[in-house]
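Paired with chain B in one complex and with chain C in the other, chain A is shared by the two complexes that follow.
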Partner chain A sequence: MLNAIIPLLLDSLASAALIFFAAVGMTLVFSVLRVLNVAHGSLYSIGGYVAASICLFIASRQLSPYLSFAALLFSAVFVAAIFGPLIERGLVRWTYGKSEAVQILITFGLFLVLEDLQRLIFGVQSFYEDTPMRLLGTTSIGGVVYLNYQIFLIGMAVLVVVGLRLLINHTRLGRLITAVVTDREMAQSIGIDTNRIFILAFSLGVFLAALGGALATPTSGIAPGLGADTMVLAFAVAAIGGLGQIEGAAVASLIVGLARVLAIYLAPSLDAVAPYAAMLVVLLIRPYGLFGSVTARRI
Partner chain B sequence: MRTIAAAAIAVLGLAVLPIAAPWLQFVLTLAIAKGFAALGVAVLLRAGLISIGHAMFFAASAYSVAFLARVGIHDLGLLLILSVLAGGIVGAVVGSFLVRYRAIFFAMLNLAVSMVCYALCAKLYGLTGGTDGMPVPVPTVFGVELAEPAFKSVLFYLSLALMVLVGLSIQRYLNSPLGHALSAVHTNEIRLEYLGIPVWAILLIAYVISAALAGLGGAIAGFAIGRVVPDFAFWTASGHLVLIAVLGGIGGVPGAFIGALFLELLHSAAVTVTDSWNLIVGMTLIIVIMFMPQGIYGLFTRKEASSL
Partner chain C sequence: MALKGISIVAARCLSSLDLLFRLDRGLPQSNLRLVVDGLVGALAIGVVATTPVAAQEKPSSLGLGIFTFTSGPAAAYGMPGKNAADLMIDEMNAKGGIEGVPVKATYVDEAQGAQGVIAEYRRLAADAQNQVMVAALSSANCLALAPLAEQLEVPTVGWNCDTHQLLMDGKSKYVFRPNGNTVPEFIAYAIYLLDRKPGVKTVAIINPDYAFGHDAAKIFTAALKALKPDVEIVAELYPKLGAPNYQTEISRLATARPDVVFSNLWGADLENFVRQAAPRGIFTSSQVILALGETVLQRVPLPDGVIVGVLGDGWWMSPDAKANPETVKFAEAYKTRFGEYPVFPSIKMANTLIYVKAAYKAAMLKNGGKWPTRAELADAMKDSKVTTLTGTVQTRADNDGVVDQIVGVTVKAPAQQFPVIGDMVRYKGSSLMPQVGQDPLAWIATLKPEFAKSLPKPGSYK
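So, the complex of A and B:
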């Protein structure tokens, strides 16, 4: 019995970890900028493509394969440094203060552009680069073989939750972010450079998404359409947890990860439906998500 | 008066165009079909609600045409009515859940539901033929069996006539108190509630109408193409519908059709040059929203057209 449950649990935790990276970035960007970035999923897949390309480059030059771990991190930083400021300054900032319809449409337009750009640059074939996963090897407990990479993924996710909490509660930047989230105008009037906070928060969101994509490449590979799936899944997770809640996103990704893995084990044709079913159930009972707070409506 | 004359000339122009250039007939039929669906999106946009999932109703009706043809119904009129009804029913079911939500949640939940529909269409191979889709046979028209080219002409002129008829009815709807309530929801929902107007009911009616419109478009597209595939429900299709609605302008009914004609003609020109169609669509969407929020239709109307 235990032999059946532990792999299932490990699978759901690892799958939850990957969803979490995408969702936490989306929820973070939303809480600071109050813009839902529909193109967030594309940044996840771009992170994956860049990581796969660098790993393949390392392999072709016969450099040390352990460099591929550095490559995963580097590609996330690279994507965040390029796309974060570019998108925030170039596009998203024009939508501040406009209706949510405009914000959704603009980022949706960006999403279409980014998806096609990836197709043009990386082609339509799927990338598969599993050097980091092979390097970590497997562990055998009680006759069942586990991938160490899955444990690594779970560790990374825990690291990100703890890291983000520390960043927000115990650093100067974190306090500035909290101030901007709580009351944007007041923060501005006491001299906080909100534009800088917006760029930093947006880039941090992009970094988390790209990191998720990079970490996902060794396990599941990367193919066109991943961006769209990730975006909707990340939204499902962010919505279940309550938009803007970091720990909420963590709990919600556990729920979605478990729902998805259970669906794969029990009814494989329904695996795509399970996360949305979970989201619909949660939102029907708690429209603002598990940890979201009810906001007063404007009169 | 001038508007009526302009509209009449435009419709006449559309009617003669395929005689001069026969290849345009298919493009125009498809444009009108997408125009119907975009009109559905535009109705909801008036209330400030964005549906990035309307392709699911487009597909729902197209699939019901294919299913009904499979069980032996072959009359064009009956197929159209039943399939639009099917689209409306799906809309009523989905809508009764979704009209509780606003803004981001409404947009993303529509997207999520449409992605579930797409996944189901693609995966239930035994029922829907998977990604191969289902064939839509040439139906009979009032009991007369037609050859395919003749049917395609009938379909085109029927869509044109429907465009005028349905367009006028939707215009009536938008100018009725029920229609005006939509922009009131956009401006201030709570005020409406204090006036004793049930916002929920207004939005549900709008949602069902918009789903039925998308369904009508889907049924016509199914007949025109002769096959329905899961891609009808794909999120890029929904994205195109939103773009058409925004590009044409949501200030009036003609906007959706102007947008659809413009985009379909651009598409047939663009495919000869590039296959990065979504790139063009995305960039146009961003540019239109930033620089002409009232759409193409807004350029021709003097009165304050509704913008986003």
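So, the complex of A and C:
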């Protein structure tokens, strides 16, 4: 019995970790900026491409392979530093206060541009760089061999949840973000530079998206089209957890991960629909998601 | 002529309009799009009908519409096909083209989805210079284009198109497949497996979740059950085409502990699966069959002993290929230009272009040296037998191709930095196919263990 449950649990957690990284950035951006960033998936895949490129550079120069772990983090910082301020100031800020349809159309346009940009720069073939995965080796649990990198990803996801909670609740920046989320006009009137908060929050969202892509690359590889898949999955997770709810995204990732794994083990033909079936069930019971709540629209 | 010109311009404008609506790909068709598609189709039919396809003068160039995946995860399979087409067409044109007419290819990316592929086909078909379509890679696109080819009366040569459903009705006039199909391709793996591992009891399957994956599983399972009825299928997994992550599927395979893992994953999916499954011990705990494994030999470090094949006879290092100077020259030119040796999709494409060239030659011989019409060209393909880079392709009465099937296992080769195929067998294509018009699954069910015993054994092809 235990031998049957352990793989289920471990696979669910490992799957949830990857799903969480795909969704948390989108959730954070929505919570602060109230913008549903459709280009989120592209930023995820750009993070993957940049990480793979840096790791390949490290390998080509015969530098220490352990530098590839630093490369995963650095690539996310690099992508966030370049794309975060650029997109927020250049495009997203013009959508504040506009209808959701305008926001979605503009970020969808950006998504199309970024997808083609990736094809232009990185080509259409798949990219692989699995040094971090190989360095960590494998562990046999219940007769099934797991990659230690999968366990590393679970740890990283926990670290990000805890880190984000500490950032929001226990730092000055977090309190400023909370103030802006609670009442943007009031925050502005007491002297908070909301533009700066928006840039920082959006860049943090881009960082999380790029980190997700970078961390996924060593096991999954990266190819054109990944951005679109990631975006759809991220949206499903954000909807289940409640748009803008970080803990909600974590719990939703677990639900989606478990749903996918159960489908693969018990009813493989339902694998593709499992995340969306979970979303449907949750939204039928709680239309605003597990952690979401009804908010009054100000006129 | 003016009317024809106006018709072509109008068709192209409407096709361009159609391109504008690509933003909704993957979403349900809009009514407007249906109208546009319908108009484009109607105009294309009109253009084809009014075009002097009976023109007997040689055109200034011969247009080929070549459909393959040039983007997305499937490009890992589609690009080698395009590379081979580029190389072959350059070589043909350097020698004066086909029957003295230079060849000009227009590539269509199949990653845009069936709607886009259909619109592009109509647009290309509307231009009389495009006499032949080399379409397509994806079985789904081949099935979508086949009725259109018949409707527009455009010779359409499936350069990949594995699904056995394509020509099952036997009524096709303009659709040809100078390749094998899922029936001989996957029966071959069942026979090879039972020769190599006669004691096999349990099998797990992981195939892509669309027609090709499901058809292959059905045929492989049916052949195994017919030849060794006590074989049990302990897991059947169908991950989404293009899925980047297979870790859960790999855990499921590991817990099922099968004697054999069979897969016809392909392109980037196959590379992903191999990279993820190898460190997790799948290749050591089970006998793995990768039906399209040859495509990744130069890219992924596959261990020894994996059963792989080429879905036909397109192995550039097979004894027949090595004995053919044209094939050796093609392989070296390919390596020089693209940095890798040709994989079997490259060979399939090259062989298809040889098939098209041979059809022109035959058609012109038949009509006294005049440039053939589309109908005459299609007629020349019927019942033809063409020598290719790796063997021969015989076109049957149902327009399906008969090619041999090569299967083997991965082995290290001192001369190469990557594994090659060893312990090979070459099955006659005709021995693995039902008669024209016969239901393939019903035919497979009639196979007996004696049938497998009558076929050549692993290692016999050297």
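Operating definition for what follows: the second predicted complex is superposed on the first by the 290 of 299 C-alpha atoms of A that agree within 3 Å, B and C clash if a C-alpha of one lies under 4 Å from a C-alpha of the other, contacts with A are read in each partner's own complex, and residues count from 1 in each chain.
The rule is simple: a contact is a pair of C-beta atoms (placed from the backbone, for glycine too) under 8 Å apart; a residue touches a chain by one contact, two chains touch by 3 or more.
Note that the coordinates shown come from a computational prediction; the quantities given were computed from them, not determined experimentally.
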### Query
Looking at the overlay on chain A, is there a clash between chain B and chain C, or do the two fit?
clash
### Task
Give one of first, second, both or neither to describe whether A:287 is in contact with chain B, with chain C, with both, or with none.
first
### Task
Could you look at A:269 and tell me whether it touches chain B, chain C, both or neither (first, second, both, neither)?
both
### Task
Would you sort A:64 into first (chain B), second (chain C), both or neither based on which partner it touches?
neither
### Query
Touching A:138, do we find chain B (first), chain C (second), both, or neither?
second
### Task
Using the superposition on chain A described above, determine whether A:101 touches chain B (first), chain C (second), both, or neither.
first
### Query
Between chain B (first) and chain C (second), which does A:182 come into contact with in this model arrangement: first, second, both, or neither?
neither
### Message
For the combined three-chain arrangement, which segment of chain B clashes with chain C: 81-89, 225-233 or 279-287?
### Response
225-233
### Message
Residues of chain A that sit at the chain B interface in one complex and at the chain C interface in the other, please.
### Response
119, 229, 269, 272
### Query
If you look only at chain A, which of its residues touch chain C in the complex?
3-4, 7, 10-11, 14-15, 18, 119, 124-126, 128, 130, 133-134, 138, 143-147, 150, 216, 219-226, 229, 260-261, 264-265, 268-269, 271-272
### chain B residues touching chain A - in the complex, by the definition given at the top
45, 48-50, 52, 97, 100-101, 103-105, 107-109, 111-113, 115-116, 119-120, 123-124, 188-191, 235-236, 239, 242-243, 246, 276-279, 281-286, 289-290, 293, 308
### Query
Taking the complex as given, what residues does chain C use to touch chain A?
70-73, 75-76, 79, 111, 209, 235-240, 242, 244-245, 247-249, 251-252, 254-255, 268, 271-272, 275-276, 279-281
### Query
chain B touches which residues of chain A in the complex?
36, 91, 94, 99-102, 104-106, 108-117, 119-120, 228-229, 232, 235-236, 239, 243, 269, 272-273, 276, 279-280, 283-284, 287, 297-299
